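Each of the next two complexes has chain A plus one more chain, namely chain B in the first and chain C in the second.
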Partner chain A sequence: MELIAGESKLTFKESESLLVMEGSMRLANLMEYDKVSLFIMECAEKSPSKLTIDMRTLSFLNSSGITTLSMCILHLKKKLTPSLLFLGTTDYAWQDKSLKNFTKLWADAKVQID
Partner chain B sequence: MEDIVIGDYDAIAETLPAEGFLQLIVKPIDMVTYWRRCGSLSNFVANFYRNPYNVDALDENLISTIFNELIENAAKYSTKRDSDIYIEVKMYNTILKMQVQNVCNQKNFEALKKSMGKLLDSDYNLDDLYMKRMMEKSSADKDSGIGLLMLLKDFPVKVGVKLSSSEDGSYQVCVQAYYFLRESVLKGQMMF
Partner chain C sequence: MLTNHTDTSPKKDVLSEAGELLSQPSKNTKRKILIAINLTFVFVASLHWAIQLIQFGKLPDPARDFIILPLLVLINGGSAIYNLKVLFSDSQGNKLFNDLTAWVTVIFLQLMALSVVHNNINTATSLLEDFAFSAVIIFITGTVLNRTAAVVWFAICLISLYLAFHNRGTDFEYHLMTKQEVVDYEAKLKAQDPEALKRFEITKQEKITPLPASLYVAVWFIFLLLTFLPTYFEGGMIGQILKVIPVVISKIQIASEQKSQLERENMRMGMELDVARQIQTMILPFQGDFDKCQDLEVAARMDTATEVGGDFYEVLPQPDGSTYFGIGDVTDHGLQSGIVMLMTQSAIRSLLDGGHIKLQDALNQINMILYRNIQDRMNDRRNLTLSLLHYEEGKVRITGQHESVVLLRRDAQHAIQIDTLDLGMYVGLTNDSFEDFVEETSFDFNKGDIMLLYTDGATEAENEKQQLFGIDRMMKVLEKNRDKSSKEIVNEITKEIYAFIGKKQLLDDISLVVVKRQSN
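Right after this comes the complex of A and B.
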C-alpha cells in the first residue's frame, strides 16, 4: 500500500506492520495532510498490536507534518492500540530535535534514534 | 507608525558588517501557488552557506528546517497580491541571521502579536505550551500554528519579531531567527 504526498512517499508493509516514510514532506497546511493522516490511521487499523513508522529516510518534515503525526498519536492513545515505534536517524538533524516530542504525547509512542 | 519589538530582535546590530550576505525578494502569490518553492528556497539558503563557512550537513538540515518555517509563515499570512516578501540571510562568524519580512492584514497581525508575546514571555514553559496546543488541535484547524514554538523549544535559535503598523492601515511583520552553528562546540560561548 503506497501514498505519494508532495515530494514524499509512504509505503506500508502489512506483513511487518511497518510504515516507511521517505523523501521531503512539507505540505502546505493541515488540510493537505488529511490524506497522510487517513493513510496512517489505515495502517494502524491493519497493525494488530504495534505499528513501526520508519522515518530514517525522511529528510524534512514541516510543523504541519509534526502536528499531523501528533494528532494521529493522540487519536491512537484514545483507542489504546496499536502502540507506536518511530525509527529516526541522527543523519537528519531535525529528527533528533523534533521526534522526542512524540513520546510526551503518549507513553506507548516510543522513539528510537540511531 | 507604531513599532512593537518582541524577543531578540536586532540582537546583532544592523551596522555590524556580515561575512556573508544573501538578499532575496519573492512574491507571496508565487509561493502559495507553487508551494514546493518554499522548500526549494529553504534548501537553497541552507546550501548557499554550506561552504565555505564550515557548515556541515547536520547544520544544513537544521538551517533549511528553520528557514522553511519562516518562509512558510510569510507565504501563508502575507497579503497575497501587490506585496513582497523580503529575505535577508547574514553570516556572522558562527551565527546565521535569517530575516523574513512581509505585509499582512490586521487579523493576522494581531494574531501574531498575541502568539509571539506568549512564546517569548519567560513566564511560559514552552514544553507545556507545546503540549497544550497539540491537545487543543482538531481536524477542523487549517494551520498547525506551532512552527515558531517548535523552533524556540527544540532548536538552537533565538527569535525576535518587529511588528509595525501605520495609520494608512498597512501591517508589516519582520521575523528574525539567529541560528548558532555547531551548538555542541559553542555551548557556553553564546553571545546572548
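Right after this comes the complex of A and C.
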C-alpha cells in the first residue's frame, strides 16, 4: 500500500506492520492532511498488535503534519491497539522534538532514535 | 476558513471555445465553393466532348476542343485535386497554392467568358453565356478572394459586355420567324433550294444561325448549377452559424456567470484574508507597552507570510515592575488560526495580567480553555506551541513548549539556547494528562543580557536551494549586533533572513521579540 503526499511517500508493508515515511512533507493545511490521516489509520487497522512508523528518511514534517500524527496517536490511545513504535534519527532537527511529544501523548507510543 | 480555491476557476476558457465554434462553419466554405466550381467545369467539358462525339463522330473545333477545353480541365482538375486533398487532411494547406488555385480558376474563367462572348457562332447564346460566366466569376471573386476583386471583375465584365455589344453592332435586331415560316424554310433547305441555301450561308456569316431550344436549356442548367453549388455551401455556412449561435450564447452566459462567481469568491476570500490579517496584528503589543517595561528594553516584530499564519507574541508589563512574555505559533493558517490566536491572547491576559497565578497553572488553564473551544465548539484540530515567561527582579521563569529561548549573556562570547521541549506540550490538543508534562524552569537575566524569542518562521525560512536559515545563523547575527538597541537587533535579524531567502517568498510568519536588561 502506498500514498504519495506532496513531496513525500508513505509505504506500508503489511507483513511487517511497517509504515515507512520518506521525503519532505509540507502539505498546505490540516484539510490536506486528511488523506494521510486516513492512510495511517488504515495501516493501524491492518497491524494486529504493533505498528512501526519509520521516519528516518522523512526530512521535514510541518506543524499541520505533526498535529495530524498527534491526532492519530490520540485516536489509537482511545482504542488501546495497536501500540506504536516510531523510528527516528538525529539527522533531522524536527524529529527529536516532535517524537518526544508523541510519547507524551500516549505512553504506549515508543520512540527509538538512532 | 481559507481553503485552496482550485474549483472556483473555470476549467476551460469557454469564451475562446465559443470563438472556435463561431469560426468552425466558415473554415472550409471557400475551399468547398472553389472545389464545386472546378468539378463543375471538368464535368461540363467532358459532357461537351461526349455530345460532340455522339453528334458528329469527331471533335469539330480544334482550337476549342484540343486547346481551350483540355486547359480548362487541367486547371480546374488540378485545383479540385489540391483543394480536396487539403479539405480531407483537415489542414490549412499551403498559402501559395490556396491563392494560386483560386486566382487561376477565376482568370481562366474570365478568358473563357471573353472567348465565348467575342468568338461565338451565335449572338444570342454568347450574350447568355457571357452573362452567366460573369455572374459566376463575380460570385467566386467575392466569396473565395475578396470584395475588391469582385468590384474589379464587375468592371471587367461590363467592359467585355460593352465590347461585344459594340462589335455586334448597336443597331442589331433579332427577327423571329413564325412556325409556318420555319417549316417552309426547312423544307426548302432540304430540297436544296438555292435561295434557301444562300440565306443559310448569310445567317452563318452573321452568326445568327438558328439553334434548338434544348441548347438554351442546357446552358441555363449548367450555369444555374454553377450558381447553386457555391450558394449551397455558403447557405450551409449561414445555417450552421444560426444553429451555433444559441450554443455560443449559452457558453458566454456560463463564462460570465463563472467570472462573476469567481469575483464574488475572490472578494469573499480577500475579505476573509483581510479580517484574518487584522486579527493577527491588531492585538499585538506595541511600543506603548514596551516602554512600560521596567528594567527592560523590549522590541518585537512580526512579518506575516502571504497566507496569514498563526504566530503570536505578548508583552504584559505589570504594576509591580515585572513583565510577562508569551510567544506561540498556531498550527495551520487562515481565519481559524487567527481566532485561536485571539482566544489565546485573551486567556493569557485574563489569567496573568494583574493576577497572581503560577505560570504553570496559567498554562494548564489556557490549555483547558483552548481545548474546549477548539475541539468542542470549533470542531477543529488546531493547536499551538506556547511558552509563557515572567521576568521579575533579574530572574526569568519560563513554562510551556515552544522554540528555544536564545540567551546572550553580557560577558559571554556566544549565545546559548534554553530548551523548552520538556516544559510542556502542544496546547489545545488534548485535555488528558496535559499538566503532567508542564514544567517550569528559570534563569538569571542580568544587566546587559539579551533574550531572543522567535517562531519557527525565522529559523525555517527557506532559500531557493531549500536551505534553512537556522538557529546558528540567527544567533550569530544576534552576537554581531549585541551592542545595538533591541529594535535595531530585531531589524538586523529580519534583514539577514530576507537576504538569505533571496527571491523566494516567505512561507511562514516570522516573529521576533528581543529583550535587553538595561545596564543602568
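Just so we're on the same page, the second predicted complex is superposed on the first by the 114 of 114 C-alpha atoms of A that agree within 3 Å, B and C clash if a C-alpha of one lies under 4 Å from a C-alpha of the other, contacts with A are read in each partner's own complex, and residues count from 1 in each chain.
Everything that follows uses one rule, which is that a residue touches a chain if its C-beta (ideal position, glycine included) is under 8 Å from a C-beta of that chain, and two chains touch if they have at least 3 such contacts.
This structure is a prediction, so every number in the text was calculated from the model and none was measured.
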{"item": "Combined model on chain A where chain B meets chain C, clash or fit", "value": "clash"}
{"item": "Chain B versus chain C as contact partner of A:Tyr92, first or second or both or neither", "value": "first"}
{"item": "Which superposed partner A:Gly6 touches (first chain B, second chain C, both, neither)", "value": "first"}
{"item": "More chain A residues in contact - chain B or chain C", "value": "B"}
{"item": "Chain B versus chain C as contact partner of A:Gly23, first or second or both or neither", "value": "neither"}
{"item": "From 80-88, 188-196, 260-268 or 278-286, the chain C stretch with C-alpha clashes against chain B", "value": "278-286"}
{"item": "Common interface positions of chain A, toward chain B and toward chain C", "value": "28-31, 63-64, 66-68, 70-71, 74, 97, 101, 104-105"}
{"item": "Chain A contact footprint on chain B (complex, rising order)", "value": "32, 35-36, 38-39, 57-59, 61-62, 64-65, 68-69, 72, 76, 127, 130-131, 134-135, 137, 139, 141-144, 146-147, 150, 154-155"}
{"item": "Chain A contact footprint on chain C (complex, rising order)", "value": "2-4, 329, 331-334, 380-383, 385, 401, 421-422, 425-426, 429-430, 432, 436-437, 456"}
{"item": "Residue ranges of chain A touching chain B (in the complex, touch as defined)", "value": "6-7, 24, 26-31, 34, 37, 59-60, 62-64, 66-68, 70-71, 74, 90-94, 97-98, 101, 104-105"}
{"item": "Chain A residues within the chain C interface of the complex", "value": "28-32, 63-64, 66-68, 70-71, 74, 77, 96-97, 100-101, 104-105"}
